[in-house]
Each structure stands twice: as C-alpha cells, then as structure tokens.
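Each of the next two complexes has chain A plus one other chain: chain B in the first, chain C in the second.
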Partner chain A sequence: MNRLPLLIRMAWRNLWRHPPRTLLILFAFVLGVWSIVVLAAYGRGALEQQIERSIDNLTAHVQIHATGYRDDPVIDHRLPPPGPALRTALAQADVTAWAARVRVPAVVASERESAGIVLVGIEPARERGLSFIAEAVHAGRYLDADDDPGLLLGRKLAERLETGLGRRVVVMSQDANNQIADRGFRVVGIFDGSPEAMETGYVFIGRATAQQMLKLGDSVSELAVLASSRDRLDGLVMRLRAASPESDVQPWTTLEPLLVLAEELSGTILTIWYLIVFTAMSFGLVNTLLMAVFERIREFGLFQALGMPPRLILGMVLAESVILLALALTVGNLLAGATLLSLKGGIDLSAFAEGLEMFGFSPIIYPMITAADFVTANVLVFVLGVVACLYPAWRAARYAPVQAITRI
Partner chain B sequence: METTVVCRGVSKIYRQDTVAVPALTDIDLEIPKLDFVCLSGPSGSGKSTLLNLIGGLDAPTAGEIEVDGQRVDKMEKGALADLRLRKIGFVFQAYNLIPVLTARENVEFVMQLQGVGAEERTRKARKILKEVGIEELENRRPGELSGGQQQRVAVARAIVSEPSLVLADEPTANLDSKTAENLMQLLRHMNREHGVTFVFSTHDKLVMEFSRRLITLRDGRIVDDVRRD
Partner chain C sequence: MSLLFWGTATAAPPEDAAAIVKRAIDYWRDVSSYSVIDMTIHRPDWERTMTIRIWTRGQKESLVRVVAPPKDAGNATLLLDNDMWSFTPKINRVIKIPSSMMNQSWMGSDFSNNDLAKADDLIEQYTHKLLRTGTHDGRKVYVIDSTPKETAPVVWGHEVIAIRDDWLILEHAFYDQQNVLVKKLVTSDIRPMGGKLVAARERMQKLDKPGEWTEVVTREVRFNIPIAAGTFTLSNLRNPRE
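What follows is the complex of A and B.
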C-alpha cells in the first residue's frame, strides 16, 4: 500500500507527458460514454413509455378471466362477480385500483357505416385511475355510472362512422343466450387514444348497461388490477390465484408477451451498442497505451534495474488506464447527465409520429436512465477498458532489463 | 578481507541467429568491500556485460557470481529484483532518471519501493542531495537539469539507501571533462564517507586516474588488473 501513492503519482504524470494524445483519447472515451448513457436513457424512456401506455390502456398489471377467455374472448367465457375471498385479496395495500369489465366482440353502426369493435362495459368510478379512458375524453363527457345509457367513441372511429357527439349509434353483439343483442346508444363522449387502434377498435359503455344488454346477470368478462409496483407482482398474483382458484390470473408480462420481448430485445440491443462503442474506443485506448509503452521501454528497464518488481510496472501502466477511464467516465457521465437534464421536456419526434405510432411509440420520448442501466454502462466500460489495457501493461512488465536499458 | 563481488569462471555468449558471439570468457574476479574499481577497455571488450551480470540484469552463460555472499546467477527474477532494490545501486551513462519525477522524488524512488516512511525518505533524500551539492534543485524534473546535475541526482539515488555495491556504467561518458572530474570526486567521496563498494566502467583515462584498482578487459577477458593505492 505504501507504493500505491507512488504508482498513482507516476501514472498521472505519465498520462500528461503528451497532453494532446491523452486529450484525444480522453475525448473519444468521453464521447463514447456520453453516447452510451444518452442512448440507453433514450431507449429505456421509449420502452418504459410503451409499457406504461399499454398498462394504462386496458392491460393493467394483473387481469383475472374465466379459464379459456384469453384463447377465445367471447361471452361464454365469463366470471361471476368477485366473491368475499377475492374482494379481501383485492383490498390489500399492494393493490392501487381494480375494476370489473364486460368485454366482448361487437359491431357498431351509424346511419352510414359500421365497424367491428370490442365493446367494453366499464365501472366509470373504479376505472378512473386504472386506465386511460376518463382522462382521454376530449369532447362531451365521461360515463357517470355503471348504468349510464351513453357510449364513448374514439375520435377516429367517429370519423369513420361519420357520426359525432350527441348522435345515435347501434351496437350489436351476441348475448349470453347466443342470441343477437342490439341496442341504440347516444354518443356522450369522444376520446383520444394511442395507438390509433385504441380509437378505432374500442367502444365503452357502462358495465351494468352492458350486462343488461347482453343478458349477463352480474357476470363480467374480466377483473383488471393495478398494483403499487409493476415489478413485484409475484406475491399479488399468488394471492389472487389462491383467492380465485377457478379463474385465470395473469400478470401483464403474460398478457403482453410482445412488450416483454421488446424489453428483452432493447436490453440486448443496448448491450450490443455498448460493445460496438466500446470496441471502437478500446482500439484507441490500446493503441495509445502501446505507443506510450514502446516510447518508455528504456524507462521500464531502468525501473527493473532499480529493483521495481514487474508486477508494480504492470500496476503502474494499469493505473494509467484506470485514471484515464475514471476521468472519461466522470466527464462522460456529467455531460450525459446535463444532456438528459436538458431533454427533461422530452425529445419531440413528431415528424416521424406516424411511423412511431405503428410500433406503439409515442412521438415525444422522455429519456429515462435507471440505476441498473447506468451501472451496467459504467462497469462495462471500466472493466473492459482495464482488460483491454492488460496487454500493453503486460508488455511493459516483461521486458528483460538489460535489453530494455540498452535499447536505442 | 571481506569481499563484495566474486566471479568464478564467468562467461557470457550472445546468440545472433545461429552465430555465437562471446562477450565474456572465463572471468575470475574478486572485489573486496569498500573497493573503488574501474573496468576499462575498448568498446566491445565486455565492460558493460560484466557490470550487467554482476548487477543481475543479465544471466551468465557459465560460471558463478556472488554479491554480498548471495549467488546472483542462481536467483529467480523476483529475488534478483529484491537484491537490486536492497543491495545494489546503479548509475547509467544516460536515461538515468525517471522523467516524470522531480530530483528529490527520483532519489526517494528506491526508498519508496523499499517501504521507507515518507518523513524518513524526505529527510534522507534532502541530506544526500545536499551532499551531492544540488539541494536547491530538488523540485526540478530531469528535463530541467544539466547532464552533470542529472548524474549527481543518479548518484544520490544510487547511494541514498546505502547499498553494498554501486555499479556505474560509463557515468561520465556524456559529460565534459570538468563535470566528469567533479562527478568522479563525488563518487570517491561517497565511497569513503558511506562505505560503499564502487565498480565503474570507462575508457576515459582521466576517470581511470580516480580508481584504486584498474581492471582492463579486451575481447571479453581480463588482460590486466592493477591495484593503484
């Protein structure tokens, strides 16, 4: 340990023997670290928004269905209203909100057009804070009660049906007796949704109204549950399964496999990006250190002649790379932090909005860096950087002293 | 008489591709403690090779070498490094100092490797720099010192931890005659005052005059060994 200050002092001064060279490699590393962190934050932000939006749309964190509903979401696969055991399980602190829904395939028709949709009967009060619907109504009003006679229509669907607020539409579906059920509704609210399929594919009415129209009694299609954290659902899912063993209780990760895949893919892409950037950086780093080592061969011979053990010579060259990496990481992270702070209001990609919508991305991306992403990026650059420097350091430590000293 | 260096039948052959080039042949030599020995001879006579072998910087092809009773030719790399660190000081012709360290830090370098505490290091370094006459230059880096001043720092570094033996390979080769004379006076002073054995090489007659024993090499063999005191 007594030698550590000596190694660090010499390593630091060696780094600045050729300031332009050190600054150049430092700049390359800072740029690399900056790009890794900012891109990770951008990717994480986009993915996080995609997941949150999907959860906010109708998925929630956990859904409970009758067995078979997920394979064939028809009226035959329905649930009884939640019993006391399930209600108790849903009343725990880790459940933020829950609501029952009727959800069946249907057709909506105006006087001019018709369209296939999913008819969703909701509990307006419970649904508030559980999904996007209450806040998405931009014209007219939200539903007042479970038996509200009105209907909420997406803006695009309203345009397609050539109908609007205050006009009447007819909804047709199959009822619990396998008969065609139809009913006229007045459009009381127009909502915006994203992606566009939310506006064109879903129509919302009151839950009791839907049950009455479809002769469901008090049965529902699903229970949607929002938890206090989307990452710790195992306990909640187990509890709900125990409380409702005949039902199919699934977390969002099962309900939205594409999102999980996207999350995994995003992690892989980020890692590949880290490696590409790092490989480019490491060529510069290794080259710089090798040049520095070749220039100082006589010096390494002198160190050995003076009795410096080869492992300390290796340590000194490694210390040079560690200092360089630490500097680059510090400056790169600070710059990335400043960049992310300046992008706090979001990155506006509305010029590509249509394309982004197709993939479920919002046109405004809010970058977001997680501790895990930050630590991964930094540890990866640091560890791989040190590994890349092992070769020049090893070369420096293994010169035979007499050959090194007499080298011209 | 106690001996610091013993060489018995030492030979060194370098190989250049398939050609064997003998650098030293069958050297027998004893250097007593506190001696001040000059190795002389023309270029290629084997002076530097002999110094390198004694200092454990290179290994002999045949023969035995002892420094302070320890068999240098049998030692592993780590033990050799430790021997050089604790028992041998080196002064080279050029590229002697560590460019990123100041004069005092260069002198302290060996002591720091030895694990000497900071206060003692600084005290000893200042004392020896004063002794070699450059105490006011302690914070200068080698690039800011003249050749003679650099060699004084190198001598101070070689002597500061009081090794048994100092090996100096043509220490005056890059110095003008006046500076060379001053340096040799300094080496002789160190030899007397610090009780350190000195072996140095040169082909400068003026420098040879300072030695107490003059060993002449030619074609890798000792051709003359004259005691002058």
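What follows is the complex of A and C.
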C-alpha cells in the first residue's frame, strides 16, 4: 500500500503533460458543478419562499374546520368556539400561535364596481405572527379589536373598486339562516399582498363583527394553528384530532397539495438537471482520459514489461480522474459559493413579475442551499465521474505488453 | 327639470326631513298597488322596450312580471323584504338571487337588483336633512340630503331627493363618496292616475354614460286595491294565477 503516494504523484504529473487539455476539461467540470449547485440553491430558494408565503397567506401549519368545509367553504359548515379540551391541546409548547377565523364567500361593492371575495373575520391580536395580514397594512391602520367596525381592503382591489382609505364599501354574503346579510364598512386599512390574488381575493374584518353580521353566534369557520416547525406535524395533528374528534384537522400538506407537488416536482427537475449536466460533462471526461490513455499505450506496455501489475495501471488512471474531479468540485463549489454570496440580496426578476405571479413565485428570489442538496450534487458528480472513468482505465490496463510496446 | 326653480336655502327648516321622505315613500308604494309599465332600455346602438306588470303590498312585498315582448314574456321577479327570487320560463326555474348578484343590473336595465329590493331602506338606513326648499308648478319642493348610516349596506356617499309637497318624488340623485354625481332618477309627466297624482315617467341616467338610460313609463296604475292572498309566493312566481 506504500505504492499509493507514488501512484498519485504519477497521476498528478500525467495530468499536467497536456495542461491545455486538462484545463479545458477542468473548466467544463467547474462550470457543470457550479451550475448544479447554483441552480439547486435557486430552485430550493424559490420553493422555500413559495411554501413559506403560502403558510403566511392564511394557510398556517394546521387548520381545523367543520367536516365538509374544505369541499364547500360556506357558512353552513361552521365550528363551535374551541372548548377546554382543544384549548389545552393548543396551549402546548409546540404551538406558536393560533387564532379563530370566520371565512365565507362574499361580495364587496363600491359605488361603481363589485367583486367576489372571501370575507375573513380575524382576531387582530392573535393573527399577529400567524399570518401576513398584521404586517401587510401599508396605509391606514390594522384592526384594533375583534369587534372593530372597520374593514381592510387589498391595494389592487381598492383600485379595481375605485374606492380608497376612509370610504365606505358594502359587503354582502349569506347569513347563518340563509338570508342575505349585508352591511356597510368603512375602509380603515389598505394592505399589500403577494401574490396579487391575496389583495384581490380577501377582505378582512373583525371576527366578532363578522359573527354579528352573519348571525353566527360564537361559531367560527376555521382555527389556524402555527407550530414551531412545519415538518413533523403528525404528533400535533393527532393531538388536535383527539381533542376535537368531530372536526376536520389537517396539516398544510393536505390543505395545499399543490405545494407538496411543487416540492416533489422541483426535486425531480433538479435531479434531471444534474443528470443532463453530468452526462454532458462525462462525455468530455471519458474522451479526455481515453485520449490520454491512447497516447500512452507504449508507456503502459513498458510499465507492464517492467512488472507493474494491470490493477495498478487501472489505479493510476482512476487516480488521474479522481484528482481531476476533486479539483473541479473544489473550484466549482467555491465559485458557486461566491456566486450565492453575491446573490444574497435576492435575484430580482421583477421584469417577469406578472408571469411569475401566475405560478405563485415572488419577483425576488433568495437562493438557499441546504446541506442535503450540496452533498447530493457533489457525491453524484464524484461517484458517477469515477464510474465513467472505469472504462478508459480498464482499457489502459488490459493491453498485452508486447503488442503495446511494438505498436507504433 | 327646467320647471324646477331652486329657492334660497331656508334657515333652520322646521319640516322634519325624515318624515317627508317617509311620506313620499308611503305615497309611492301606498297600501298596495297594481301597475303596468313600459320599461325602455336605451343604449347608443340599440333600444328595447318591455311591458311589465307590478304588484306591491306594503313596503316589503313586490311581484314583477314581464308580459311583452314575447321573447321576455314570463320573466318574473319576487321581492320579499331583502330577498329576491327570479323565475325564467325558458329554463322553468326559480332562482334565488344570491347576494353576489344584488348589485348587478336588473333585466339589463340601469336599475340594479338592489335598487328594486332596497328602495325602502331609505327610511331605516339613512339620516335625512332638509337642504333647501324650492317650487315646482307652483308647489313647494323639499330638497333633502340623505346620508346612509355608518353600517348601512349602501355604497353611496349621499343621495339628494327632491320631494314635492304632495309627496311626489321629482328627482333622486346618487352621489359617490367623493361627492361626484353617479346616477340620477328624474320623474316627469305628472298626471292623475289610479285616483291620485303620479309621475308617469321616470328616467334613470348614469352620468358617465350619457348615451345610456332606462325610462319607465307608467301606463296604468291602481292603488289601495285588494291583492289575492297567494300573490307574493314562490308558487305564484312560478305558476301565475292572476
């Protein structure tokens, strides 16, 4: 085994027999590794933002509804206010925040226009830290109390309704007795939302005001629960189900199946991207090594004639590829790291904002690299690279010495 | 309304504006009524006229049925308090107008479903103030400013209603919350019909669309008449028995 340093030294020197060729393939590999890591970080960042935003946009981590609400979110599917058992279950350490909401389809009308929206009755204090709305009011004020008489309107919706801060709008919906419920509200705050559908699709009022308007008594439509982490919610969900057996307790993965799908899809796309980039790189690598092997046939013949066993020749060629891969991965990762560091402030894609909005992406994407993505990319490139080099190495090792030496 | 001459604002008007509005609405609706009207919807490139029969009882019950042209005949609307149902013979269905559609146009006219259903909100949901008085055809006219209460389901900033001292509504203007006139109902052709004076012609005009208006001409009207017990029911809406 004391031959290993010798092999590595020979491999290293062999690599630099033709510096341009080695540098070229090194450059190709660095580019490949760089693109894999940067793209993975970009994809992960975009996805992470999409999930976090969706959770922020009223989804939270766990929601409790009356059975049937998710299929038909109407006023008939309502919940009693949380009882002592549920309150105890919600008071545990793994729950960061929870709030009750009234959430029904409604129509908001101004003097000139009307629009279909989801009317959300919120508990302003509890909603802080639970969803986006508390921090989203950019003009006017946030709601003060559960029975605040005011209404929060999205910026885009206010434009569409040709109304504004301080003006009155009328909200119409159906009350608990299936009668038309309508009431005038003064717009006390204008909020920003992202995607734009949050601004045009939701209108916020106080929970108690909503209950009074809709003759709900103390019933609500949903309880939203934020846990300390969005992963491993099973325990919390089981506990809430046990505490409130007659209602429908679901984690965000069930409430937003599209997000889970996006997560899986982006993983698959990244893997396919790894493989495409890798395939392109490996052709170059195999070709380079084959060239290096072919021009050294006489040399290999001589080595063998001098008593070097074929497995060491195989080892030497493999060592060349390992050194090449290690160099490429180091430089590629460093470059990718530098790129990601310089993009820390986010990649501004505002020019395509409208198209991105459609898919729920925000115009500024903050790349994010996870250890798993990083290790996957590196291990994949390294292992597949070594495997690809087995062929030229195997070719080098199986020349018969006499033929190899006499070959011109 | 060239006949209308606004007088100077009177200091501290003694008349109770809310009472005047209530009297005008009561006069308009009466205890019960039956009328036949022609409704003309005018647009820059087309115009059509429907003949409609209307039954009302008190403030809360109305039934509206289209009799001509044949294309629209049979379309009917029933109003009970704030709820509204519509019947279309072509699909033979009664549809409850959901809250989402209350702001939409009624039968393509410049009246919204809400204009029909909520006409008497004026009494309960507004505060009234006498702006000034004027004269019209030698009679006194009260010009009343009606502002919806804070939680009233009314989008308007305020409304200005001109009511003559024989309780005829001459003009009803709707202002948005920036005090811009949005639409205006003007009545004319005042003559005796069904035993009392009636403004036989009403025109609803949206200010931003001068080429579009809806005019209602009353052809026949009777007041304070007995109305069959089952008139304001869903079954009568679907299967007319009059």
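In this text, the second predicted complex is superposed on the first by the 408 of 408 C-alpha atoms of A that agree within 3 Å, B and C clash if a C-alpha of one lies under 4 Å from a C-alpha of the other, contacts with A are read in each partner's own complex, and residues count from 1 in each chain.
Heads up, the rule we're going with is that a contact is a pair of C-beta atoms (placed from the backbone, for glycine too) under 8 Å apart; a residue touches a chain by one contact, two chains touch by 3 or more.
These numbers were taken from a predicted model, which means no experiment stands behind them.
Asker: After aligning the two structures on chain A, examine chain B and chain C and state clash or fit.
Answerer: Overlaying the two complexes on chain A (C-alpha atoms) leaves chain C and chain B fitting together cleanly.
Asker: Looking at A:Ala305 after the superposition, I want to know if it touches chain B, chain C, both of them or none. Which is it: first, second, both, neither?
Answerer: First partner only.
Asker: With the two complexes superposed on chain A, say which partner A:Val169 touches: chain B (first), chain C (second), both, or neither.
Answerer: After superposing on A, A:Val169 lies in contact with chain C but is clear of chain B.
Asker: So, A:Ala109: does it touch chain B (first), chain C (second), both, or neither?
Answerer: So A:Ala109 only meets chain C here.
Asker: After the superposition on A, what does A:Pro401 contact: first (chain B), second (chain C), both or neither?
Answerer: Touch status of A:Pro401: first partner only.
Asker: Touching A:Gln179 in the superposition: chain B (first), chain C (second), both, neither?
Answerer: second
Asker: Quick check for you: in the superposed arrangement, does A:Thr22 touch first (chain B), second (chain C), both or neither?
Answerer: neither
Asker: Once both structures sit on top of one another, what is the angle chain B-chain A-chain C taken between CA centres, to the nearest 10 degrees?
Answerer: 160
Asker: Kindly classify A:Ser194 by the partners it touches after superposition: chain B alone (first), chain C alone (second), both, or neither?
Answerer: A:Ser194 contacts neither chain B nor chain C.
Asker: In the superposition on the shared chain, how near does any CA atom of chain B get to one of chain C? Answer in angstrom.
Answerer: 85
Asker: Which residues would you name on chain A as touching chain B in one complex and chain C in the other?
Answerer: none
Asker: Which of the residues in chain A come into contact with chain B in the complex?
Answerer: 2-3, 6, 9-10, 13-14, 17, 298-299, 302-310, 312, 400-402, 405-406
Asker: State the interface residues of chain C toward chain A in the complex, per the touch definition above.
Answerer: 82-83, 98-100, 102-104, 148-157, 174, 176-178, 182
Asker: Touching residues of chain B toward chain A in the complex: what are they?
Answerer: Against chain A, the touching part of chain B is residues 48, 52, 55, 57-58, 77-78, 81-86, 88, 90, 92, 95-96, 98-101, 105, 109-110, 112-113, 115, 117, 157.
Asker: Which residues of chain A touch chain C in the complex?
Answerer: Going by the criterion above, the answer is residues 105-107, 109-112, 114, 116, 149, 163, 167-174, 179-186.
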